[in-house]
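Alright, structures below, take your time with them.
One chain, chain A, appears in both complexes that follow, with chain B as partner in the first and chain C in the second.
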Partner chain A sequence: PAPASPPCPPRTGDTSVLAGLYGPAEAKLSKELPDRAALEVLLRPKVGLPGVLERSREQQLRQTCEAVVLGVLHPRTAVTLVLQVLSDAGSLLSCCLNAACMGLLDAGLPLSALFCGVTCTLDADGSILLDPTTRQEQEARAVLSFAIRSGDRKVLMATTKGSCSVEEMQQCLAAAQRAADTIFQFYRDSLCRRYSKD
Partner chain B sequence: LLLPAQYDEDAEGERLLLSAGAAPVGRLLCGPGLRRSPAGLLVTKCGLLRHRPAGGGAYWVDSQQKRYVPVKGDHVIGIVTAKAGDVFKLDVGGSEPASLSYLAFEGATKRNRPNVQVGDLIYGQFLVANKDMEPEMVCIDSSGKSSGMGIIGQDGFLFKVSLGLIRKLLAPKCEIIQDLSQLYPFELVLGMNGRIWVKAKTVQQTLIIVNILEASEYMTAEQRKQALARLSGN
Partner chain C sequence: LSVCFRTVEPLEYYRRFLKENCRPDGRELGEFRTTTVNIGNIFFSSGSITTADGSALVKLGNTTVICGVKAELAAPAADSANKGYIVPNVELPSLCSERFRSGPPGEEAQAASQFISDVIENSQMIVKEDLCIANGKLAWVLYCDIVCLDYDGNLLDASIFALLAALKNVQLPSVTINEETGLSEVNLKQKTPLVIRKHPVATSFAIFDDTLLIVDPTAEEEDLGTGTVTIVTDEEGRLCSVHKPGGSPLTGAKLQDCITRAITRHKEVKTLIDKVIKS
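On to the complex of A and B.
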């Protein structure tokens, strides 16, 4: 099946991920769902075979995408999203989320909302840093990633690594929601450029 | 249908407030890319918002896609993949193969079967195409005439383009087709599923037309005219 969307690589600093979307295509009988599209995400690391970390990221991405894709319009089909990590300099999960959203937009799958990913770290003294590099992630006390929906800016997915208090998490979330606006504006600008070529 | 369009870029998830200049009379039609929800109109695809004021008004989103989803009434080019009893299975580029009964051709009866082999190209329209059922195609219209549909002849070249280019080519008085027809005479079949079949007098002419059609998605009008001028000057 020909790719439904040409690969589009979003970059967060030096992290870049290539997303390719295939679908709605014919699903294997074992995988097809009678009322919705079966969404599958494959995350391929830059080197080596996909391991347990990639599997858990795939599930997180799949659940985020399922929350926005209107799968009921394409029952008994399969939608496959393949993400290839080209370079990793930190904030990989949010880069994957942004790549996934742009892939879904590009392929023309019906969506109820857009989403974006934001990563932030908490230092030992409680200061919040957005879009950390790998070094900053390793040195931080906690690393939080959020997937934020467009429109009402609600949280679709939240992942934390490390320890933080509830108030600190709320502060990180507020900072991430503010940053999400920049990312949605970027989506809008790149789509405007694409459609203005007509 | 390229009618006076509002060039707003709409991303999804937005509740659309359709500020109608004149109060719409009659029912407002919601086309592809728009969905009714309890909170109002929801935009489900990104693209340009188009409006047709005729017949009560219709709004839809013109989005660029490559993957085809069968829609009732669309004319498409299908490739025969299997013959199962009285029914042919066609690949139309969607998620399921479409079925075509052997009686759905003009002048076909149980004794007079159409000569369809596996691998043939068929130009037909969808009789049944919704998300819950297998799509069904026919090669006759409602009055029983074929009106251009049926088995596409031998030779020629089939290739795939994006759906947006097909819609552009199908618009009345399309410039690309007019420019190409100045170049060589050729036969052209456009399927709404992104498939185009071209046949010209020689293989070389066919391939030139194929290349121009594929490239016209990204070329501006001037670039296309330059390319055609170079070719006809040869």
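On to the complex of A and C.
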């Protein structure tokens, strides 16, 4: 039987995503990989059926998780991550990333590093705003989302919406890397709280 | 003997070449494959695709992508009465590579479609307001179908290039609305080219062993690599998209190197397109 990690809902403001992680479990013959675990991510929107946008996000999340999960320790198994969007008030992708990482942590999967998601917006005069609401995202000139790895703060995933100059992108990246510290501290605090009760 | 080694230990085989700063097909790490483009009326007297309003065929080495644009009329959406529609769709049929099965579009095709839709939106290459004919009543819908005929890596670059070339080839007939009947009248004899405001060009890299970045990866290089990055720039050097869907981590400095290479690539592609259109 596949151990299911208890769902954990991280919130970014009013955006919340529920993550459920199953695995490492037996994989279907068509999906199993001979030397590593096969990761699958399913993103379910709040309303409607998953469409092309969800598939694109699933691919980004999957490849981000694959970069940190030590899949070689569990060959021929399947790890499934199901993300259900409960409410969306902006910064959805980074909320999904944070949910995914906490799910991986909670399930006890072997990881080489942690990651966190940060979204930032650039408005018309070039000022950077972190963790925007839906309204701020719509009004911004550009919205950039990054997945930052713990430790060396390297970029695991990057997506941009709208256009910006190269310098602005580098500034946003630097701001995101600084903000990552706060999120990793939050991970630490949550885990301490969880394990101090047991 | 080298064929056996390549099959048994493909990664080691590649590493031997990368150590010498080149690749098995003779290219340097920053070198693109031969790019050729056929726009519209080059093939024959009536274009690459005779039934499309605009078409283009792009080859990046072996990767072959064809884009056909069809323009149709529709009523604009209620909340954006002055905007038309652009609907890109990427198809990876099973004929292009053994890795794709026939059936509903797989994840790669859907992710590519989403990427192209984002690039069109981010770069504002076509402003949807330009596609509106009559506010609230009639607008153009551009169906951009991108089909891969031969998959040898770097699908995104070829697709964006094909899309840009096909859109430059599109001629829209003039449409007037008859005031008395309220019906639209299409004049096929009077055609105007589409207004393309920006020219985005994509440059893709594969990340090898967490450190090396190689430009324009073939299918084999994509499989052996540990991640991909795609940078889309426009003619002003602005970033339309930084697309790094997971994979090996990169520092800000390495991303900067990618962006610099992408800006150079933009100039190469722009000169190629201008040369082809003039001829």
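General observations
In this text, the second predicted complex is superposed on the first by the 195 of 198 C-alpha atoms of A that agree within 3 Å, B and C clash if a C-alpha of one lies under 4 Å from a C-alpha of the other, contacts with A are read in each partner's own complex, and residues count from 1 in each chain.
Following the convention adopted for this analysis, a contact is a pair of C-beta atoms (placed from the backbone, for glycine too) under 8 Å apart; a residue touches a chain by one contact, two chains touch by 3 or more.
Keep in mind that this is a model prediction, so the values were computed, not measured.
In the overlay built on the shared chain, the residue A:Tyr187 is in contact with chain B alone; chain C does not reach it.
In the superposition on chain A, contact of A:Cys65 is made with chain C only, not with chain B.
In the superposition on chain A, A:Ala107 makes contact with chain B only, not with chain C.
With both structures placed on the common chain, the touch criterion links A:Gln171 to neither chain B nor chain C. By the touch criterion defined above, A:Arg149 reaches both chain B and chain C. Of the two partner chains placed by superposition, only chain B is touched by A:Gly23; chain C is not. In the superposition on chain A, the residues of chain A contacting both chain B and chain C are 149.
Per the touch definition, chain A reaches chain B in the complex via residues 2-5, 23-27, 68, 70, 73-78, 105, 107-108, 110-114, 149-151, 184, 187-188, 191-192, 194-195, 197-198. By the touch criterion stated above, chain C contacts chain A in their complex at residues 107-108, 110-111, 113-115, 117-118, 121-124, 226-227, 229, 234, 237-252, 255-256, 259. Per the touch definition, chain A reaches chain C in the complex via residues 52-53, 55-56, 58-67, 144, 147, 149, 152, 154-166, 169-170, 173-174, 177. Within the complex formed with chain A, the residues of chain B that make contact are 9, 11-15, 33, 35, 42, 44-48, 63-67, 69, 94-96, 131-132, 160, 218.
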